[in-house]
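As written, the chain order gives the labels A, B, C and D, with residue 1 at the start of each chain.
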């Protein structure tokens, strides 16, 4: 209700402003007995880190995680894990002239309307920097999921108008756009170079695929698994649309096509040769990690692994639309806090495209929801209760 | 966490199965002093009611609301409002042969995987019938919003491949598809006739526009207004995608275009002649109801009324993709609970397209979130606290 | 936050006013697969029912429970269980003259100050009648606990100044005061007869003992098990004090005495001969039902089964102070809503002592918290997660 | 649910272990525009600080607060306030021999039963040190309350068997026991000296009185104001009992005495000469700060300022029983984690009585609940909503 906490059984609270002393996350509800160190978390922060290519901001944020609590002798104790990153390399003076002006595409005006004033340095609390705190919690969630045989893979499906047309997972880490298609990545580079020359910016679409997630997790009605994923992903500042499975394409399909036939796992294997990912046909599902009990799956996966809010055991597929970076150097028209029209040209070091750095944020939000879902789901049956307490 | 409650300050809990004795909603946190009677709620249920055209199920559900608590001498008391609809016209025997079979596109398998067994009659708890309970709460929320000068309008943007190409709000209630374009409605009728002949079904896209909602409402970070709306809308069973404002289109736009310039209200008026709704260019925003204090708006509205999770005072625009009705009479391939492959042909009375009946459900979910947001937002400033308590 | 819901994983929402059409409870999160019928719940309502002796109100409330949802073929489905009691025998006219007057000891004034007006018939929402809804949820919780080997016993320790001095559990159901001491029950009857002659009322102290509850349940810090029990018990309108274990007596003890030595179960057996219940020394703990894994207990039980907010596996002991019934026929001095002093004599049918009817309410609140605690506790360790999902 | 967060609109999350790197609190939902600096918080920490007299532990904890976020240009921004204290002076080696042993009166065994292992250094997460984090949030809450004319005063009513018999608020800060009675403080000193010689410890009773709190705040049914206060106070590790107003004394009173007559404020003034605090008659209520609108109060205050869970505008009175410090140097009998009986003598530096240091913790928990209550209460009426949004 105060906005900075997500989850109930696996609860993450983030704090900190872009140009404050530090940012952090507190994870409450991580099960005890997970081995955890800074080395488990740092690689996730590094995926989000700026300055890794000429297409991201030159800001130099080291983003070194410190674990302040909740881990003892290398293992989680079940008590809150406090994670902190000290801020550095802050050019607060870059922002002084933005104090009274509302940047288009940013939350400045909303914060003033809500709170009466705001920390205007680099967006303050509404800065994308806050997502570093989410990534720390996501890294812990991913480690829990991994211990349960669940894996996540996130890639860029499009940058501006450039879409992938092939799917090679190896490629994702080999280009600055996290695209599983080397040719598309080259085209994206050209598109972003043009943006940079025009002092403009671009957006794109990200996909996160979760494999090995058990069937029967998620809650009915308001807390459906897809609803929780949608909320978590939409809470990333730049996201303007979310789809599960076929998403908007399903709206123009037919029941006879969109319905995924149930089958036994053996049957599913052979069907997969057809390719099941919608639109791009670029990503098959990796069923090799299904280690759970049920042998029932669906032959196709238009539903994206969730029906009626509950997982089916198939891969979960989430697509997120990321808008173009709102901070651009072009002169823009806006108003100041007195409602007077002013011209604005935003200086400083901004990403011409935020999409590749947002990939690990999307993955983190998904992981945080999935862990919570598994923790909650344990209590659905009397027999589980009896198994633990009798 | 148990799934059937949404909201904190304006909290709605629904209960009931498709073929149980009754379904209901309990609203806790409705402010005291709102005049309320069954007559305020019934028209919303009637919009959702089946049997209104040849394109919806022939099931005859009267869906008469009873207020059981929370209203005294015609006004809400601030205590829980219990609303109930007795079920009737239940053909439970239609479902007996579905007991052990997993209908494609339905939650049957997920419920069995989660709970070990399920009420198989008409989908039980996962039935679309549950949404009647949401609509009762939505009707109350809409009345609160109306008292604050906020209005909601919901229409169908597409049925299958048929999209609207003009926007006449008068038309919405004049055709069975809730389309603001008479010609498109005619084309949709032809498409659905074909579906019916083929024992098939179609989906579509709904849009909800909220006008008059104040700037500065919504919370930062995880509880962003768009995140909460997305969750609420995604919790409607058939929804597979949600967009705010330009949604996925924003991903292929540029910052220089997608950024909405701030302006004073006067400037906004003249800009509106250009038409601001993305894609269809069919729906301008109705700024006549803006009665709030701020005179700042954005000239265009690609953002759909929300930036950084906080409302801007512009119209809020939500789009939802609704999948084709999964219950179709065509023979489908699936498995039973033993994993054995079986053929299935679903009899009974099913909607060839659920989209028009879902419009009021979408509107209800939006209203429920918006009321909660306004109630929460009251506490953002010390000066508001002082105004009420000093 | 809106007040009528308790719990997260086992969530109970109550609704209804004293003189409205009905009252009810919705339980969300009951595990699937528990056999449940009205016959499981009715006996709990009957323990709370008025008119059972000359010492309780003569109001004739049948209080017949109806299960409206959540049970299919005799078993809980995991979806919301809606429970309802139709109101009857309402003498609303008894209350018309209380419309503008604030009854001492009642919530009338607070409701007006908060909501601006109130349903004044029989206390409306603040009536003790609301507790019938709690008892319905408590009955379900008790059935879950029973399946896990946990049992609850509740008795009256004192009525006014009359305290028990012996403990015979057989006696509890044999006298109208739920006292485990026949002589004390006789003295209590005399005390209440005097109250009735004086148009006055009395209070008392209740004790609830939970046996067989496993060690290691409950959460640290703010959600300690004792804190959650205290909240639940204090939410019963007439309760003014709560103790766990020795309670206020511990404050005047010494560490060397108050510390309960840990021992193995065998050692505990012999120690119990000493009698461990504080103050009255009247109730030993029933360790025969300890069926959980650990063989560690404490030799004495000053702590009342909870240390650091987490259960120790010993009996949990809760004491609650119940104030005298505020509705008395004596003339009382008060003010009306204009602040003018008035005399008030409350007619109608009121309990001279509410304590015995409150026993099952206390037991219900404890049960509701304990079920929630067990459901939550399942997720504390990675190994539990792995056991269920791998 | 994970235990380390309290509140919804004013939400406090604490983290940290006794011997970890740091401890901290994150406050989410503090209204914007409150002036705040470390200087506002440090005095509250200093009241809790050890080493202030010969009757508290000699541990040297500086407990210097750092504000890491949420404050900009000296004012709260409405975003999370992260507060941290670096740990120092840790004698972890004092605890190595406690690794496998369950200290009587401590949470050691419960943590092992729940989590499988624990941070055994100084109690880890279950250490009283965690309360320093609560005090930081309490200090902020007290500043908010102060701006609304609400003040809190906390004192010691008894230490072991020594009770106060007079009430001079000036005295509270003049003796090491926070007693408003110099003579009782002297007797308490003698009692504690005896404890120290015996390697034993004592407990006591604390009272917190809140003045100036408006009528009409608090929620009905499960979230009653007294229920929320009871939970918050019971969440302090050493608390074993809580009373509101007359508490357990009410149970042996009569309705005709226990009912507080309503009156207008003028009448109340003259009644107060009689003295209204129960039992000790030592603390009158300070009505001079009642600055709220209503002129209705009660003449006596047996109810302790709350009826039906809602504030009456009278002083709120909370009493808490604090058990004797469980860490004592006397040899105690207990078991190790294998269930083998062992002798234990706890070395290190422990408080012979924790009561005076707990006073500010009690006050903090009350303040945190009261701020949340006021924030929530703003939304009870349609007219308040309209006042802010129209």
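Everything below uses one rule, namely that a residue touches a chain if its C-beta (ideal position, glycine included) is under 8 Å from a C-beta of that chain, and two chains touch if they have at least 3 such contacts.
All figures in this text were calculated on a predicted structure; none of them were measured in a lab.
Chain pairs B-D and A-B differ in how many C-beta pairs they share in contact, with the greater number at A-B.
Over half of the residue-numbered contact pairs of A-C are shared by just one pair in B-C, B-D or A-D, which is B-D. Annotation: 40 Å between the Cα-based centres of chain A and chain D. Averaged C-alpha coordinates put the centre of chain A at 25 Å from the centre of chain B.
Measuring from the averaged C-alpha position of chain B to that of chain D gives a distance of 45 Å. Contact with two or more other chains is made by residues 1-5, 8-9, 14, 29, 32-33, 78-79, 114-116, 125, 214, 220, 376, 380-381, 383 of chain D. Taken as a graph of touching chains, this assembly is fully connected, with contact between every pair of chains. Remark: chain B residues 1-6, 8-9, 14, 102, 104-107, 109-116, 125-126, 130, 158, 160-161, 195, 198, 200-205, 214-224, 226-235, 237, 240-256, 258-264, 267, 294-296, 298-299, 303-304, 307-313, 321-328, 330, 332-335, 339, 341, 376-377, 380-381, 383 touch chain A in the complex. Residues 1-5, 8-11, 13-17, 20-24, 26, 28-29, 32-33, 66, 68-70, 72, 75, 77-82, 114-119, 124-125 of chain A are the ones touching chain D in the complex. Those residues of chain D that touch chain B in the complex are listed here as 1, 8-9, 29, 31-34, 78-79, 144, 147-149, 214, 220, 291-292, 374-376, 378-390.
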